Amino acid sequence: MATGVDRRRAEFKRYKEDVESRGKPFFPYAMWHDTVMSLVVVLLAIGLACIWYFDSGEDPEDVGILGPRYTAEADPGTVSFIPRPDWFFFFLFYLLRIFKWPESVVLGTVGIPTLCLILLLALPFLDVRPERRILRRPVALVAGVLVIISMGVLTYKGATAEEGGAAGGDVVEQWMTAGDLPEEARPGAELVAESGCLNCHTYRGAGSSNFGAPDLTQIGAQGQGVDFFHRYVANPRDFGNTVMPVYESLGEENLDAIATFLDASKNP
Amino acid sequence: MATTTTPPRRKPPSRASVAINYPLDWLEERSGLVGGVKYFLFRKVPGDTNWMQTLGSATLTAFLIQAVTGVVLAMYYKPSPNEAYASIVHITNDVTLGWLVRGMHKWGASLFIILMFLHMGRVFLFGAYKYPRELNWIVGALLIPIGLFEGFTGYLLPWDQTAYWATVVGININGTAPFLGPFIAQFLQGGAEIGPDTLSRFYSLHMLLLPGAIIGLILLHLYLVVRLGVSSPPWSKEAAGMERPEDVQSGNGRPGLTRPTRRGGDA
Amino acid sequence: MDPHGPEHRPHVPSPSLWPVGFAIGVAILLTGLVVGWWIVALGGIIAVVFAFLWIRDIGSETRAAAEPELVEGAAPVAPGEPVALPLTADDDIERFPRSKFLEASTIGVGAVIGGLVTLPVLGFAVLPAFSATEDHNIDVGGVDEFPEGEWRIVTFLQNPDEGEVSRRTTFIRYNGQLDGDPSFTIIANNCAHLGCPVQPSGPIADEDKQEDEIEGQVITRIPAQPAAFSCPCHGGAYDLEGNRTAGPPVRALDRFAFAINGGRLVLTSRYSVGTVEGEGKDAVITKYGQVPPGVHVDGPEQFLYPIEPPN
């Protein structure tokens, strides 16, 4: 009776015999393919390096298609830089954004990645059927497709994830022009850009969306009026919002400016 | 009684072939290495191998690019927080073709990771992790986190804002692991917080420990590939190792039972 | 290899120590050329003496080779052929064969070597995970540089010897007097989720930045009007006491303990905070030893992190 082990050994023996009798020498047949692919890899590396270098400049701000040559020197005391990992960690990075509750953070940082690594290592022991054709391995096919899709989606979302935090100075100019805002809205625009509002709200593509905070690009279009925005931003608790910070301490003048800006933000 | 025939005259070996063969024979007699290389080069592989099966050697090429460019970069890079950034700027802007070496290293890293994943996907698709290649899969699955960790440690070395803060977050992610987390974080940092020892530690990991581990595992990986053979694409009509109808009929006639023999012979 | 017999055997000199002495003499002579002339003389004497003895020996051997001696019963051995060695006479099986002892002791000594090499190396690599950082007292300015109720973003070098890599940022507010002593709220800007730099939610007056050189390092103070603190990485939000109000951070922001020395604010040690009740000078802070971001200090999850490295 052929047990599983015997059958596998028999198949491997057949394999060895087939290769001996009908196989071709590695050099030059297979090695030719390998060499061509390796040339492609080397040319890609050189090509990417050239594009990256010639499309950027010595200044860290001089950014090309493939990014800057380097950013500013490390400053452990910064208050304005927003960390990003290398692109191949974007899937982990976005996983962290999914697990927003303090109790669940461990799942996203170490739980899921560790579990996936264990499954990866144990794969040959989980799948012991000898069948190798993919269309006859439904579990493997589904698992493989799911992994590829989820890693692809996570990486894409990580790459396009909006950056919260204080936006740079030119962005205000862009907002004023794109939204056709009156000049009196400018002080409020500057305040909103630098006061951390963009950590939770988005505005014309800047900022990041967290905790259900609405996009503010056209927040004034509903006609709630300057006074409404002033009171809301001063104390969101009065309106049932328990997540947004209370900005009363900014002072009347600043709150007026912000409210004017928000009310003027009506245009798409 | 046997007819005598003069053996065909063999041409004396040409000077060129002697020039090549003599040193090789000298080396072979004293080490056996030439025979090993010849075995590797001229071993038989299935005739129906696919272009997808070049991804493994493409990954190896990417790694070799990293190794070579890394060695050259190390001749100019200064692994101290005060000097690292300036040395990177110097390499990129001033050193002759420094930009090319640094660029190839930077983009080669991304290529290496992409190719590793593509290669893993190809092996998964072909079911080439099954008997007897399980060990090879495990070696490869170990190479993936080590390769990613190489990328992580290398990312800190330019010591710019991107590098520093991505590393802060990365180390703290490790720190959230239950029980051992804070110790892992401190081990990586070389102390209670990121400090000057952190950069040196990451440099040592990136240049010495991790490449050493990768090279060792790659050698084991290649040895296993040569020993166990390259698999045919599973959909191939001529796949090596496939059961053939005539095999089933040989043996003692019971269907499905096969005593492996030379094809066409009796059990 | 000459199979024809001893007469054709090339002459091999018998072992002798005279050449060694000669070589030593020559070596001493050459050394003396560098060090001093009296050493040259000493080396020369030694070399001459041993040369004389060596030549005398060669001379006597040459005379002896002309009359080959036949050793009784010993067959002459052509050079290059192996000499048959006597077999071990002892055929008894020992109760503790020597090979077993050798196996055990080889492995044992190997283990000792392995331990001697790896343990210090591992300790070297791993010990920093168990070492505490020294506290440095940082003078960040006079108490009068901090108007009451106003926030300042203060950056300083936590460990001036390490340079810029130890630069830290804090948010400092002077709360007025509490029982006769100045009260400060000093909050570190490292997010308690994963360490990203936390930003003040409010306008920052960069143009009013003050820079002071104090005790060999540059301290900067920038006025700001935060209504809260928020982290751009994953949306963590904190109130003005550093308590977490929203997002993934697992505890409040770290704080610094402080002392007042001769009217100057001095930051002493850093600690982690569970929660803060109350505000400003009336705040009640639950204090823990400093732990890295992401580590829970209270609640049921604290048992995930039972042991902390000392710092």
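Letters are used for the chains, namely A, B and C, taken in the order the chains are written, and counting of residues starts over at 1 for each.
Convention: a residue touches a chain if its C-beta (ideal position, glycine included) is under 8 Å from a C-beta of that chain, and two chains touch if they have at least 3 such contacts.
These figures come from a predicted structure and were not determined experimentally.
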Please state whether B-C or A-B has more C-beta contact pairs across its interface. A-B
What's the chain with its C-alpha centre farthest out from chain A? C
Interchain centroid distance [CA atoms averaged], chain A/chain C, Å: 36
I'd like to verify one number: the distance from the centre of chain B to the centre of chain C, where each centre is the average of its C-alpha atoms, in whole angstrom. 31
Euclidean distance of C-alpha centroids - chain A vs chain B, Å: 29
Give the residues of chain B touching no fewer than two other chains, as numbers and ranges. 81, 165, 168-169, 173, 176, 178, 181, 194
Residues of chain C engaged with two or more neighbouring chains: 164-166, 194, 196-197, 233, 294, 304
Residue numbers in chain A touching 2 or more other chains? 74-76, 78, 81-83, 96, 105-106, 109
Could you list, by residue number, the parts of chain B that touch chain A in their complex? 40-47, 49, 51, 53-55, 57-58, 61-62, 65, 81, 85, 88-89, 92-93, 99-100, 102-104, 106-111, 113-115, 121, 124-134, 137-138, 141-142, 144-145, 148, 151-152, 155, 158-166, 168-170, 173-174, 176-178, 181, 194, 229-231, 234-235, 238, 240-243, 247, 256-260, 262-263
Spell out the residues on chain C that touch chain A in their complex, using ranges where they run on. 153, 155-156, 164-169, 189, 193-194, 196-204, 225-235, 237, 239-240, 244-250, 294, 296, 301, 304
Chain B-facing residues of chain C, complex: 125-126, 128-133, 158-159, 162-166, 194-197, 233, 290-295, 304-309, 311
Residue set of chain B touching chain C in the complex reads 81-82, 165, 168-169, 171-173, 175-176, 178-179, 181-187, 189-199
Would you tell me which residues of chain A are touching chain B in their complex? 2, 8, 10-27, 29-31, 33-34, 36-38, 40-42, 44-46, 48-50, 52-53, 58, 60, 69-76, 78, 81-89, 92, 96, 105-106, 109-110, 117, 120-121, 123-125, 127-134, 137, 140, 144, 148
